[in-house]
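Notes for the one structure printed next.
Chain IDs A, B, C, D, E, F, G, H, I and J follow the sequence of writing; residue 1 opens each chain.
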Amino acid sequence: MSTKPTKTLDPVPNPHPEREYEVEIRCPEFTALCPKTGQPDFATITVRYVPGPKIIELKSLKLYLWAFRDEGHFHEDVTNIILNDLVEALEPRWMQVEGEFNVRGGIYTNVRVEHNPEFKRARA
Amino acid sequence: MSTKPTKTLDPVPNPHPEREYEVEIRCPEFTALCPKTGQPDFATITVRYVPGPKIIELKSLKLYLWAFRDEGHFHEDVTNIILNDLVEALEPRWMQVEGEFNVRGGIYTNVRVEHNPEFKRARA
Amino acid sequence: MSTKPTKTLDPVPNPHPEREYEVEIRCPEFTALCPKTGQPDFATITVRYVPGPKIIELKSLKLYLWAFRDEGHFHEDVTNIILNDLVEALEPRWMQVEGEFNVRGGIYTNVRVEHNPEFKRARA
Amino acid sequence: MSTKPTKTLDPVPNPHPEREYEVEIRCPEFTALCPKTGQPDFATITVRYVPGPKIIELKSLKLYLWAFRDEGHFHEDVTNIILNDLVEALEPRWMQVEGEFNVRGGIYTNVRVEHNPEFKRARA
Amino acid sequence: MSTKPTKTLDPVPNPHPEREYEVEIRCPEFTALCPKTGQPDFATITVRYVPGPKIIELKSLKLYLWAFRDEGHFHEDVTNIILNDLVEALEPRWMQVEGEFNVRGGIYTNVRVEHNPEFKRARA
Amino acid sequence: MSTKPTKTLDPVPNPHPEREYEVEIRCPEFTALCPKTGQPDFATITVRYVPGPKIIELKSLKLYLWAFRDEGHFHEDVTNIILNDLVEALEPRWMQVEGEFNVRGGIYTNVRVEHNPEFKRARA
Amino acid sequence: MSTKPTKTLDPVPNPHPEREYEVEIRCPEFTALCPKTGQPDFATITVRYVPGPKIIELKSLKLYLWAFRDEGHFHEDVTNIILNDLVEALEPRWMQVEGEFNVRGGIYTNVRVEHNPEFKRARA
Amino acid sequence: MSTKPTKTLDPVPNPHPEREYEVEIRCPEFTALCPKTGQPDFATITVRYVPGPKIIELKSLKLYLWAFRDEGHFHEDVTNIILNDLVEALEPRWMQVEGEFNVRGGIYTNVRVEHNPEFKRARA
Amino acid sequence: MSTKPTKTLDPVPNPHPEREYEVEIRCPEFTALCPKTGQPDFATITVRYVPGPKIIELKSLKLYLWAFRDEGHFHEDVTNIILNDLVEALEPRWMQVEGEFNVRGGIYTNVRVEHNPEFKRARA
Amino acid sequence: MSTKPTKTLDPVPNPHPEREYEVEIRCPEFTALCPKTGQPDFATITVRYVPGPKIIELKSLKLYLWAFRDEGHFHEDVTNIILNDLVEALEPRWMQVEGEFNVRGGIYTNVRVEHNPEFKRARA
């Protein structure tokens, strides 16, 4: 099998578009490079969303995240980029992306980015 | 004993229908098949509800969940189906079904579906 | 010592009735019988309340819960019964009783019953 | 169903009597009475054994342990009694019974009793 | 060193009185006597507060809590007493005292008492 | 993809047959049927071994364990059968199979079976 | 009830003196005074033993440990004293006393004292 | 490499200033001196913020926190100081600094300080 | 900084070569490619050793492990290769390398490889 | 109070020199400097020993460990140095010093050094 990583996200139709429900997808195997030192960074990426017309298929998401393996990205930036790409591809009612980055220099960093926060607030 | 799995849910009368109380039922032994590969999927299914006129009896729920063993279902779809079936059978004031699916391809998926979310919001 | 279990609850006066404060009492040693099979059931019973004029004394509560040992009760029913008995005896401002029942047939059940939920909502 | 607790143990033949293998059975729902106060005691009973010609069937063990529910026993004594009964019924190559008793008076007690300890030592 | 326990609380000035911030102080080594049996009771006392003009100094609090060692107190009463003493000494904007008492007779008790709950509600 | 479960194990050559090293493979998704009631049983199967000329490939092991899904087996028996099949296919220097079965009737069962225990003892 | 703490240990006869079995008793509520500062120290005391002709009764042990409440003792010393007292009273085949003392000055101390270590070694 | 600790904070531009997102940075290796005794104190410092025009770079934050190593500070004071310095350097939309200080005299202290709490309340 | 990964290991002299002591180094950020599918694999690599004339410097080890990032390796093989490389570079008295590989297809794999096991056995 | 850190260890006489018992002392607040970068390192130092004629007093040990705060040391070296100093001061029957160093560059290091290992082996 020769699957290749790609940033193309292939959504599938949401089987229950009439209902507001929540999906959480956790990927503990994200790795990219540090843009300053070129050394590998590691993170757990968690995507939480209330689907709109489309949902993400797991294999497609895996290939998308894998495609960052040889790219250099800052923590705050890459978490925002992943959110932007997923929002464009899925048109969700609400989405949050969280990146929990491994300790560097004795410091743990966690970035949490949200699309359409009003959706959640109106239902709190 | 030769119990057979069946999707017929046999509710019993709620012994305290006048009160709004909450029941949580957790089933860590749910298994179905992947509709794409035919391979087994595993999940913990949790049902949380505020009963209306009827409550679910444990043996009946066990047989209902067992009946998915040889069927192919996507994660998002099967969680919605279980909610729909239980809502139809129990007519609850409020219900939530959560499916925590085992890791596949390095990714953990969790689907949380709710019936009558207004009930909870009005009491928050 | 020949203490005998009894369902008589002997409250004592609340030493600070002017203040709204909260007490949580957790009893991991509750056991009753299944009314269908006659087999023992086990649960942790947790009582949370904001006292009114009276508070429960621990020994009295212990004897009360012990008195269920040889009785048959369904999960949803016995949790409501305990709440009703304690509310009648203590006249609390607010009370919640939670029963976390041991796994049966691969399923864990948790029942949470509340007296005067408006008290908490007005203070949320 | 009207199963009644009984101290009769019904072993079944060991399906692999030619091999020395180990079985561990953990029962967190053991309860008996304190012979001094008559109050309920609770424990987790764990049976570890290397079967000889017979193995214990789970339902039979459940009924056997249930039969202690209304009897008064000291911690050290009841753990030895369970070992003796199981050794007589099963003729195991080696057996250990451990009773982990719930806290009483701020003190946790654990009793571990062994049949044929030479078996283990010769294989250490 | 011959420090003696005393119920005199010696606050120090709050170095940042202009800001509403929160302090949590947890003391897992509280012990008093049961007023009915004279036997020792043990608890973790946690003080959470938003300081007003004064903050408590740790050594002073340690001596204050130590002074309960030879006194008899009921759970609900002693938690209220500690709150009252600290409120009088510190004049906090808000304060909560929680007592988590060790298991007695198979029952765990937790008492949570609050001063000026309106402060928190207005900021929720 | 239409992979079908099968009990045929396809080992691959051990890349370092000259060295005694240990492999542990844990499969938390084993399910079979209870031969008495026909109801599903669930277990975690762990294989620990010191390879001889061959090692097991993960996909082959996954298909082998999957093939038990519709068969009825007792706990003690199926653990021995898995060991026997793997020993025949791999000719390991040493092997242990452990089955940790989910709670049934309030009882947890664990079966641990070993091939060539003398290997380990001689190296202890 | 006016039980008074006392260092008199009242053993009872071992109900199974013919068998070598092990008892572990854990007391998380031990407190004494620091002989240098007079301040309270806290510890968990664990007694593990293989009984000889006598076993310790829990209430007697509770009163014995309680009697240290107003005495000053160093960590290493008090652990040895408890072992010596228990060995004299019980004449055990083997005994170990472990004191896990709460953190002082950022340092956790643990003292483990053993009577007749040859007993264990001969059976290892 | 001869990096020197300094209290100069060097922020970098926020790559996504248009979006309100949250960053959490946890530093378990903070140490300062006690201003009363001169002895070392240890804490975990956690910074949570919603960036404005600037974000903090990890190395710069590490050097800033390191610069406290030889200074004397009270718990409540140093937590406020860190917040004030970071707010001045970063101009965040919202910020919280939490200091979890190691146990001293059997007491654990936790200080939580917030900048612009209205930001969070308006979005709750 | 433009450090490049390389498989060259640069040991430094052992500062205490006269003593047999043990070093454990755990690297949770190992990643390589699956030689069959080309997809990324993740593992925690732990090196335990008793140094001989040389010890490994952390930066050198980090670069060595990083150099596997774009190579394809089977689990059993890569663990043996790392051991062989480290033994050649460090000439340790004893060494063990353990690879704990992330779940694939519902199966967790752990490989543990040892150099000079006689060293440990002679000291057990 | 103006205690100053010093490397002078002041032992006190062992109160029970006739018995072989074990003391474990854990200090999670050790910090020194990296000799290469000058940056702070953090570790938990654990001392386990069987005392000879002398035992270490906690305050003396605290001051001794504090004295490393401004010194540069490699992990393997400093752990050996602490063992050597303690052995010289205490003349223990047996001693082990373990240093668990915080993660650096994604790698956790643990060094375990032992004095008179024959003592333990003869008693295993």
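As a convention for this text, a contact is a pair of C-beta atoms (placed from the backbone, for glycine too) under 8 Å apart; a residue touches a chain by one contact, two chains touch by 3 or more.
Remember, predicted model here, so these are calculated numbers, not experimental data.
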Legend entry - Superposition rotation for subunit G onto subunit J, Cα-based, multiple of 5°: 70
Legend entry - Of D-E and D-G, whichever chain pair has more C-beta contact pairs: D-G
Legend entry - Interface composition of copies subunit E and subunit G: same or different, split at half: same
Legend entry - For subunit G paired with subunit I, centre-to-centre distance based on mean C-alpha positions, whole Å: 45
Inset, instruction - Could you grab the centroid distance between subunit C and subunit E? Build each centroid from C-alpha atoms only and quote it in angstrom. - result: 28
Legend entry - Length of the line joining the C-alpha centres of subunit D and subunit H, rounded to whole Å: 56
Inset, instruction - Could you put a whole-Å number on the gap between the CA centroids of subunit C and subunit D? - result: 32
Legend entry - Multi-chain contact residues (two or more partners), subunit D: 28-29, 42, 102, 104, 106, 124
Legend entry - Every chain pair meeting the contact rule: A-B, A-H, A-I, A-J, B-C, B-F, B-I, C-D, C-E, C-F, D-E, D-F, D-G, E-G, E-H, F-I, G-H, G-J, H-J, I-J
Inset, instruction - In the complex, go through subunit E and note every residue touching subunit G. - result: 1-4, 28-29, 31, 36-40, 42, 66, 69, 102
Legend entry - Residues on subunit E engaged by subunit D in the complex (per definition of touch): 42, 102-104, 106
Inset, instruction - Can you check the complex and tell me which residues of subunit I touch subunit J? - result: 14-16, 19-29, 51, 55, 58-59, 61-62, 123-124
Legend entry - Sites on subunit A touched by subunit H in the complex: 74, 76-77, 79-80, 104-114, 117, 121, 124
